[in-house]
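What follows is chain A paired twice: with chain B in the first complex and chain C in the second.
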Partner chain A sequence: MTFPVLLGVTLLTFFVMRVMPGDAATAIVTAGGQGVAREGDLARVRAELGLDKPLHVQYGEWIWGLARLDLGRSWHSGRPIVEEIKLRFPVTFELAVLTALTSVLIAIPVGVISALRRDTLTDHVARVVSVFGLTLPSFWTGTLILFFLVTWFNWFPPMGFVGPFEDPVANIQQIMWPALAVGYYLSAYLARMTRATMLEVMRQDYIRTAWSKGLRERVIVVRHAMKNMLLPVVTLAGIQVAVALEGSVVAESIFMLPGMGLALVSAIQERDYPVIQTFMLLLAIVVMSVNLLVDITYGWLDPRIRYN
Partner chain B sequence: MPVSAASTRSGMVASLLRFCKRKPLGAIGGLGVALMVVVALAAPIIAPYDPYAMDYGAALTTPGGQYLLGTDNFGRDVFSRIVYGARISLYVSLLAIALGTGTGAVLGVVSGYVGGRADIIIQRSLVDVVMAFPTLVLALGMVSVLGPSVENVIIAIATVQMPRSARIVRSAAISVRECEYVTAAKALGAGSLRIVFLHVVPNCIAPYIVYATAALGAAVIVEASLSFLGVGSPPPTPSWGGMLAGVGREYMEAAPWMALYPGVALSLAVFGFNLLGDSLRDVLDPRLR
Partner chain C sequence: MAALLMMATAACAPAAAPAPSSASAPRAEAPSAAPSPRPAQASTGAPPPAAQATRVPQPQVAATPTRVATPVPAVQPGEKPVYGGTLTIAHRTEPATLNPFKEPSITTHHVTFPIYEYVLRRDPLDPWNKIVPDLAESWEVSPDGRVYTFRLRKNVQWQDGKPFSAEDVAFFLKTKANPPSTRIALAAYYRSITKVEIVDPYTVRATLERPDSVFLMHVSESRQPITPAHLMKDANGKYTDKVLDVRAIGTGPFKLKDWRHGVSVVLEKNPQYRIKGLPYLDGITYYIIPDRSTQFAAFRSGRVDLTSVGGGTYLTPPELKIVKEQLTGKASIYLVKTALQYAVRFNPALKPFDDLRVRRAVHLATNRQAALDLLADGIGVMGGAIYPSPWSMPQSEVIKMPGFRQPKDQDVAEAKKLMAEAGYASGTDFILAVRQPDQKEGEWLQNEMSKIGLRAKLRVLPLTAYYDSSSKHEFPAYFQLLSMPTGHPDDIAEYYTSSGQVYSQIADPKVDALFDKVAQTVNEADARKLSAALDHYLSVEQVLGVVIAHPDGYRAAWNRVRNLHLDGAGQLDSQRYEDTWKTGE
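== the complex of A and B ==
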C-alpha cells in the first residue's frame, strides 16, 4: 500500500515543479521577473538544466538518480544536494526530536491532571492554556519569545548552529527556543486528546476494580489508566510529526537555524527547483515512514490488533 | 407561504439563541468571527489611514496619539494595515476553504457512496498522496512555482485542504450507504442521484460544516505562514504574516508593536474560528464528542 503512494508522491512533486505554469528557465534568466528573457539564453539554460528533454525522460532520469542516491546538484550553489542534506538534516532532526519531546512533556501531564481534576480550577486553567496554544502558530510564538528574551534579558540566542557534541551549551541555547515555540503549539492538540482519552479510560470497569482492590491513585493512574490511554495519543503524536516538520520550516527561519526548513525557504527564494523538489520529496517520505511506524506501534501497544 | 417563512425565521432565531445559551464559548467565537467579517467589509471606513501610504517622517512612531498602534519602518499606520489585513486573511481563507473542501466533499461523496474502484482510485491516487506531504511544505512548493500572489495562495491552500475533507465526507457517506432507509429507497426504485442528494448529502453536511469551520482557522494560519516566509501575498499587501516578518531582529527592540499587534489580531481570528468549530462539533456531530 505504501509503494503506490510513494510513486504518487514522486509524480506529484515532479508535476508541481515541472508541469505547472511558471517556467524555471525564464525565472532564472530574468532573475525572477526583473530582466528580459532572450531566446538564446533561454535555450542555453534549458539545455544546461536538461529541461529541453521530454518530460517522461526528465522524470525517469530523476527517479533513476534517486534510486542510486544521486539527487543531482543545486542550481544555485552547484553543490551536490546530498551534501546539503547531510549538513542540514541533523539540525532539523534534532529540532524535531526536541519539539516532540517538549510537546509530550507539556501535553501528557497537563492532559492527565486536567482529566483527574475534572471541572476544578486546575482543569480550567490547564484547558485555557492549551486552547490558547492552538492560536499561536510557531512563527508568532517565536517572535514573542525573541521579544521577551531581548526586552527582559537584552539577549538574542546565538545564530547559526553548533553541533550538540561540539558545544552542548551553545547547541541547547540555539535549539531550545524554536523547539519550545513549535512544541507548545503541538502540545495543545495532544493535551486535549490526552484529557479526553483519560476521562474515557477512567470510566472503565477495570479502573473501578482497581479502586475497589484498594490500590493507590498513583498506581491506578500510572499502571492501569495511562497504559490504556496511550494508543490514541501515540496516533496523534505520529500525525503531528508532519505538523512538527512544517513548524520547524517556519521556526528555523525566525531563529536562523540552518536546517532543512531554512534551506527550503532560501531555495524557494532562489528558485532552486532541484533542491525544492528533493526536499519536498524527502519531507513527504519522513511523514510516510512515521505513519508506518505508528501503525506498527499499534500492534505492540495493543495486542488485540494484528497485521497479516 | 408567508406563515411558514415566518415560522422558519423565528425557528432559526430560537435555535441560534439556544446555541448561545448552551455554548457560551462558541457564541463568543461566533461573535469574534462576525467582528472579523465586519472589520474586513468596513475596512475603508474603520481604517484611519491608507494602509499603503508611506510617510518616512513618521516612521517608527510609538503607539498612542495620532497613530493608535504606532507606525512601521516605512511610516505606515499599523492599525490601518491590521484592519486591511483582516480583509486579505478572510478573503484567502474563505475562498480557499470553499474551493478545497468543496472539491473534497464531492470526491468524498463519490468515493464513499459509489465505492469500489472509484473509491480506490480517488483514495490511493489523490487523497493519500496529497496527505503524505506536510501541508505547509506542499503549499510552499506550489506557490514557489506559481509565483507569489493572493490567487496562487488560495489555490495552494485549497489543494492541501482537499484530501482531509474528502476523508471526512467519505466516512459519513459510507455510514449512510449501509443504512436501512437507503436500502428501502433502493427497493422503492429510487435512482442513485436521488439517493445521493436526498439521503447521502444531508447526512454529510454536519461533519462537513464542522470540518470546514476548523479548517478556516488552519487556513488563516497557513496564509499567515506563507506571507511570513515571503511567498504569500506579495508586499506591500497588508497581510498579518507579512507584517510579523517585517520586524526581524533589527526592529524587535525599537518597535515591537510592529509585530505584536498583527500577531494578536492573528491569534484572535484563529481563536474565534476554533471556539466556533469546537462548539459546532459538540452540537452538530454527537458522534465526535
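== the complex of A and C ==
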C-alpha cells in the first residue's frame, strides 16, 4: 500500500512542476533577473540540466537515481541534495515533533478539564483561549512572541541555530518559541475534539458503572475514559504532524531555523526540480510513517482492533 | 583586552593627518594612522578620468515626515580605534554560492565583500563620484581612451599564502571578456576588450575595441572582485568554478571561517592583510534572517549590530520611529541609495504605445510624488530613465519639469488633451505585464493610468515567465523593478537600444547613436553632459519608459560600531569593514 502511494507522489510532483510556467534554466541564465537571457545561453543550460530530454526519460533517470540512493544535486547551489537533507531534515523533524508534543500537551488537559467541568466558568475560559489559538495565525503569534520577549524582557533567542546535541540549552531557547507558536495554533482543534470525545465517553454505561462503584474521578478518567477517548484524538494528532510540517515554513522563517520548509519554498520559486521532487518525497515518507505509527497505536489503545 | 589596548593607545601620540598605512606597528598597539587610513592616490601619466569630474549636486531625498533628524555619529577627532570584537550583520537570504566570479547576485556579494578586493573601487566616502585605487595603486588611460594600464601593488598575498600578481588580473579580464560558460557574473561588462597583456609581473594592460566611458566604472563595480587565478584553473589549465564554489580565498581583510548553511556566514580577521594594523575587528558574522520583523527584533535586542541591506529588509516607518525615539544616542539610521527604479517600458511597436502622444500622456499624468509616498514610504527620489547620479539630468531641474512637478493639475489636463488628440478620448484597453514581486506597484500604476483612460489589464507573471515573455515582446508594456549598479546609462542600454537586446522593440537610431556617443566620449565631463541629454531624450522627448519612483531605504546600526562608511552608500556598494571597530560590549 505504501509503495504505490509514494510512486504516485513522485509522479504528481514531477509532472505538476513541469506544467508550471518558467523554468530553472531561465532563472539561472538571467541570474534571478539580474541579467539578460540570450538564445544560445538558455539552450546550453537546458542541456546541462537535462531539460531537453523527453519527460519520461527525465522521470526515469530520476527514479533510477533514487533506486541507487543517488539523490542528485541542487540546480541552484550545485550541492548534493543528500547534504541539504542531512542539514535540514533534523531541524524540521525536531520542530515537528516538539510542535505536535506541545499541541498535545496543551490540548488534552484543556479538553479533558473542559469536558469534566462542562458549562462552568473554567469550561468557557478554556474554550475561548482555545478558539483564540485557532484564529491567530501562527506567523503572527510567532512575531508577537519575539516582540514581547524583546520589549518586556529585553531578551532574544541566541543567534545561529544549534542542534540539541551540540548545545541543548541554546537549542531549547531557540526552538521552544516556534513550537509554542505553531503548537498553540494546532492545539485548538485538538482541544475541541478532546472535549467532544470526552463528553461522549463520559456518557457511556461503563463509566456510569464505575461511578456507581464509588471510584474517584481521577481514577475513572485515567483508567477508564482515557484510552477510549484517545482514538479519534490520536487520528487527528497524526494528521496534525503533517500540518505541523507544512506550518514549519512560517516558523522557520520567523525563528531563523534552517529547516526544509523554507528551502522547499525557495526551490519552488527557482524551479529547482531535483530539490522539490526529493523533498516532497521525503515529506510524503514522513507523513506515511506517522500514519503507520498512528495505526499501530490503535492496536495498543483498543484491543478489539488487530492488525497482522 | 580592549581596556589594555585603550590604555596603550592613550599613551601614543594621536596622529594628525592620515599617514600611509604601511606603518608596521605591532598589533597590540593601535596604528599611528588615523581611523580612515587611505593611501594617497599615486598616479603616473594622465590623471584618471574620475579625478577630472566636476562635483554634481547630490540627489535630493523627497522631504517626508520620516526624514530622520538624528545626525549620524561620525568618528570624533581624537577617537581611537579599538581592536577586537565581532561585528554581527543581518542578511536576508542564504547565498547559493560564495563564488563571486560566477554569481552576480548581491546575496552572495554582501557576505564576500570583506574577503575580496578589486582592481579599483568606488571611494567609500564618495561612491557616486570617485574611483580610488585598490589592488591597483595607479592606472593610466591612453589619450584615445582605448588602452587601460593598471599598475598593481606588490607584496599582496592571497589568503592561502600564494602571491598576488598581474597573472590574476589578466586571467580575470580574459575570462570575463571571453566567458567559457554562462555562469560568469556580468561578463557583458568586459565585452569590448580585445586584448589583455601582462606587461610585467605587476602591470596589466587591457585594450578595448572602442573607447568606453563606463569601463572604469565596470571594473570598480562591487561585484567584480579579483579572484585567484591559480584556483580557477583545473589540471589542464581550463577554467573551473569548482574550487571557489566551496572555498573563498581573497586578498581582503577577512577570511572565511565557516559557512553554516541557512544559519550564518562567519568571517575572521586576516592577519596577513596588506594594510598593516588592519582590520580592527576579530571577525564578522552574517546571520541569515529571512523575516523582516525578526530582523528588527534581533537588532533591537542588541544581538545584531547592523541591519541588512537589500529589498524587503529596509526599516519600515514604525521601525525608523522606534530607532529615532527610543534608541536616541544609542543607534543610528543610514540612508541607502538603492539605485533601483520602478519603471514601465513601452513597446513602441504595439498599440496604444506606438503613438508618442499616448506615451507623453502617461509621463505627464503619473504622480511620482504619490508613488514615492505610497510605494516607498516616502523614502527615495524622483528621476528619469537614469537614477539620479552624476550621469542623469540634474535633480534640481527634474523636480520642476512637467510630469515631475507638483501640483499635477496642469499636467493631467494636458495628458487628457493628448489622449483625445491621439484618438483615445474614451480611453483604451491594453495588457500590462508585471513581475509577481512587483504586483503591488503595478496595481498602483494601473490605477494611475486609468485616470487618463488607459485601462491596463494586469498580467502578473512569475519571474522566469516574465523574462520569457519580454524577450518575445508579447505585450505593449512591461513593468518591473530595475537596478542601475553604476548610475551610468550603460546600465539601462539593454532596455532601450536595438542592438541585439531582448527587452525592447525600439529601433530608434537616435537612441543608439546617443548611447554610443556617451560611451565613446573620452572626456568625462563631456560624457556626463551627453548622458544628461540622453536621459532627457529617453524620459521626456521620446518617453520610451516612465520611471515612477526611485525607492531608497534605511538601515540601522548601533552606535558602538564606529567608522561605518554607510551614509549615502549605494545598495551595491561594497562594505569591507577593514577600518571599522566596535567599542563597549
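Heads up, the rule we're going with is that the second predicted complex is superposed on the first by the 293 of 308 C-alpha atoms of A that agree within 3 Å, B and C clash if a C-alpha of one lies under 4 Å from a C-alpha of the other, contacts with A are read in each partner's own complex, and residues count from 1 in each chain.
The rule we apply is simple: a contact is a pair of C-beta atoms (placed from the backbone, for glycine too) under 8 Å apart; a residue touches a chain by one contact, two chains touch by 3 or more.
No experiment lies behind these values; they were computed from the predicted model shown.
S.K.: Clash or fit: what happens to chain B and chain C when chain A is overlaid?
M.R.: Clash.
S.K.: Between chain B and chain C, whom does A:M198 touch in the aligned arrangement: first, second, both, or neither?
M.R.: Neither partner.
S.K.: Let me test your reading of the model: by the given contact rule, A:G160 touches which partner, first (chain B), second (chain C), both or neither?
M.R.: In the superposition, A:G160 touches chain C alone.
S.K.: May I ask you to decide whether A:L51 touches chain B, chain C, both, or neither, giving the answer as first, second, both or neither?
M.R.: neither
S.K.: One more residue to check, A:T143. First (chain B), second (chain C), both or neither?
M.R.: Both partners, chain B and chain C.
S.K.: Should A:G8 be classified as contacting the first partner (chain B), the second (chain C), both, or neither?
M.R.: first
S.K.: Determine, under the contact definition given at the top, whether A:G78 touches first (chain B), second (chain C), both, or neither.
M.R.: In the superposition, A:G78 touches chain C alone.
S.K.: Identify the partner contact of A:S253: answer first if only chain B is touched, second if only chain C is, both if each is, neither if none is.
M.R.: both
S.K.: Counting only touches as set out at the top, which of chain B and chain C does A:V233 meet: first, second, both, neither?
M.R.: Touch status of A:V233: no partner.
S.K.: Between chain B (first) and chain C (second), which does A:R271 come into contact with in this model arrangement: first, second, both, or neither?
M.R.: both
S.K.: Quick one: which of 133-141, 169-177 or 313-321 on chain C sits on top of chain B after the fit?
M.R.: 313-321
S.K.: After overlaying the two complexes on chain A, where does the chain B footprint on chain A coincide with the chain C footprint?
M.R.: The answer is residues 20-22, 143, 146-147, 150, 156, 253, 269, 271 of chain A.
S.K.: Residues of chain A touching chain C in their complex?
M.R.: Touching chain C: residues 20-24, 26-38, 41, 44-45, 76-78, 84, 87-88, 143, 146-147, 149-150, 154-156, 158-161, 252-256, 258-259, 262-263, 266, 269, 271 of chain A.
S.K.: Can you list the residues on chain A that touch chain B in the complex?
M.R.: Its residues touching chain B are 1, 4-5, 8-9, 11-13, 16-17, 20-22, 131-132, 134-137, 139-140, 143-144, 146-147, 150-151, 156, 242-243, 245-246, 249-250, 253, 264-265, 268-269, 271, 273, 276-277, 279-280, 283-284, 287-288.
S.K.: Quick one: which bits of chain C touch chain A in the complex? Just the residue numbers, please.
M.R.: That would be residues 88, 93-94, 96-97, 103-105, 182-183, 185-186, 188, 245, 260-264, 285, 287-291, 293-294, 297-298, 300-304, 435, 461-468, 471, 480, 483, 494, 500-503 of chain C.
S.K.: Name, in rising order, each residue of chain B that touches chain A in their complex.
M.R.: Against chain A, the touching part of chain B is residues 124-125, 128-130, 132-138, 140-142, 144-147, 217, 221, 224-225, 228-231, 241, 244-245, 247, 249, 252-253, 256, 259-260, 263, 266-268, 270-271, 274-275.
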